[in-house]
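Some structures are shown below for you to check.
The two complexes that follow have chain A in common; it is paired with chain B in the first and with chain C in the second.
For the complex of A and B:
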């Protein structure tokens, strides 16, 4: 996954559902079409639900990285409508 | 003239404490009413009732304070707005449903279409006791399938498509049943854990799951004087026609075996649940 160039990161470990998704969505809005956002999230509810919500918004999910410390990084390519 | 309360009740008129007043239950399918129907219901409740309605626990609407001598006028007025009376008593009741796959992102089946079909097939059918169908779209179970005599729950059976998979790992985490593992890029699904919730395929960004939409059916639930959870016989019914055959078999079984005033659960307890299991498996295997 070294070939994926991350343009921006957002940490959603400091908020709870549904603000987790909102925070990720707002961060994606700041990006240009095709740019990549890394979303730092907690295990449990966020990692169960946030990837699907981002998919349903039409963005492209590339990878979920397990940091093995109870957090995950989700790499998302922004897709403009 | 003596009042035939039995006929009135059959036609959805529930006798009130207040003499000669009835709470009129309406026919509602899957919790859906059009604006036109609602406008007519509002008008009738103003003109013939007390200017309000009661929303029942099973997605119906009742108009209280309908007067005995105005019943025919009320029926006519309702018909102008495509509204019909519902039923009470020993027969197939309102078929309830959540919004399902047509509206809700979690839905695995078109619950409303199925509720309509079940309503057309069975509504008001005379039986030894009340008989309730409920249709819920997914494992979230907003419609509480298992509290019905026959409960239908939507599900998705999945099969991994390795050629599509990008090994992102999202499905492993999306699964709440811990049925999915990934090792060296290979996805394994533990069929004994999978509950057909469909969360894996709904979360999958790569279309890497083949989906079979189907039904999880429970029998003999009730939630009144006694409380009991409906139980499944077959884990997953893939075929829509097979589902209808299973529902037919359940109703036939109840019609044939139940004592008057006996709910499905108690018939199953008395006759033996294995007898229903035989009947259901038979239609599943032989159609």
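For the complex of A and C:
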């Protein structure tokens, strides 16, 4: 994580599917091509589905960090279509 | 403008779409549509546009809700009988979506008021039920450079087309002049199946939404007709050459708005 510069963060622990992905998608739309978003999410359904949905949109998943408190931080590089 | 979590949830099925996204939903929230006629076509169009989060919706109609309206005008309910249609429509839209500002105009459109009515809207929906209003809306939109959706319904049939300035024929390119008074029955005399307004009015809302988002192909240069009994849709290509049109052509002969006379039996 030391060598990755995070441009923006979004917390999706306060919403449930499918708004988890929607909230992450909206945050990604605000970024420029190549910028990095950190998505703070809960274990379980979000971790299973949100990274996959983001990948399907064409963005690049860099890292999934286990915070070991029941939450994860997903680092995503925005890829403009 | 940032979305609240509630808005993200309300519009999630839009935002998930590649063609809409957050940017598209914001466009819709910053857009305005004027619906002329709060009847069979205007009711479903208004409801889908309100649900979609069109930021400002104008609705124009002088009538009151009548019992015979309720078989198709689904924005009004039994307890609205006698209420101004625009008020009843506004209440339904406000209940559906608090993000939407509804402006009401309790009037029929005429050559005196229409230019002022349409000037602050991005897109116009013709949900009227008579030829004088349809030609008036067309001419006013052509003159003001406003895009609009034309539609008409009768019995088991419906039709629609979309006009975008400079991108295809207008209603008058296709239909020239109103038919003689009483030559064509209105839906009051001829009847109309209630769901027809739902089919065609929803297509009008769809055209408005696509135009506002800037996605897909509009019904410009085509007339879509629907025959419910035969279960047939036909997309009829219209002539490309609009140069000879009396209003949108190269040398227009109609340069002022006209109030055509309405058939006697339609008057209140």
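Please note the rule applied: the second predicted complex is superposed on the first by the 81 of 81 C-alpha atoms of A that agree within 3 Å, B and C clash if a C-alpha of one lies under 4 Å from a C-alpha of the other, contacts with A are read in each partner's own complex, and residues count from 1 in each chain.
Assume a residue touches a chain if its C-beta (ideal position, glycine included) is under 8 Å from a C-beta of that chain, and two chains touch if they have at least 3 such contacts.
Bear in mind the structure is a predicted one, so any value in this text is a computation, not a measurement.
After alignment on the shared chain A, the placement of chain B and chain C results in a side-by-side fit free of clashes.
In the superposition on chain A, contact of A:47 is made with chain B only, not with chain C. By the document's definition of touching, of the two partners only chain C reaches A:23; chain B does not.
Judged by the touch definition given at the top, the superposed model places A:31 against neither chain B nor chain C.
Judged by the number of chain A residues each one touches, B leads among chain B and chain C. When the two structures are aligned on the shared chain, A:62 is found in touch with chain B, with no touch to chain C. Contacts of A:14 after superposition: chain C is touched, whereas chain B is not reached. Between the C-alpha centres of chain B and chain C, as viewed from that of chain A, the superposed structures give an angle of 70°, to the nearest 10. No C-alpha atom of chain B lies closer than 7 Å to one of chain C in the superposed arrangement. Shared interface residues of chain A, touching chain B in one complex and chain C in the other, do not exist. Per the touch definition, chain A reaches chain C in the complex via residues 14-15, 18-19, 21-23, 25-26, 29-30, 57.
Chain contact summary for the complex, chain A toward chain B: residues 43, 47-49, 51-52, 55-56, 60-64, 66, 72, 74. Those residues of chain B that touch chain A in the complex are listed here as 105, 166, 168-170, 173-174, 176, 199, 202-205. By the touch criterion given at the top, residues 3, 5, 8-9, 12, 15-16, 18, 21-23 of chain C touch chain A in their complex.
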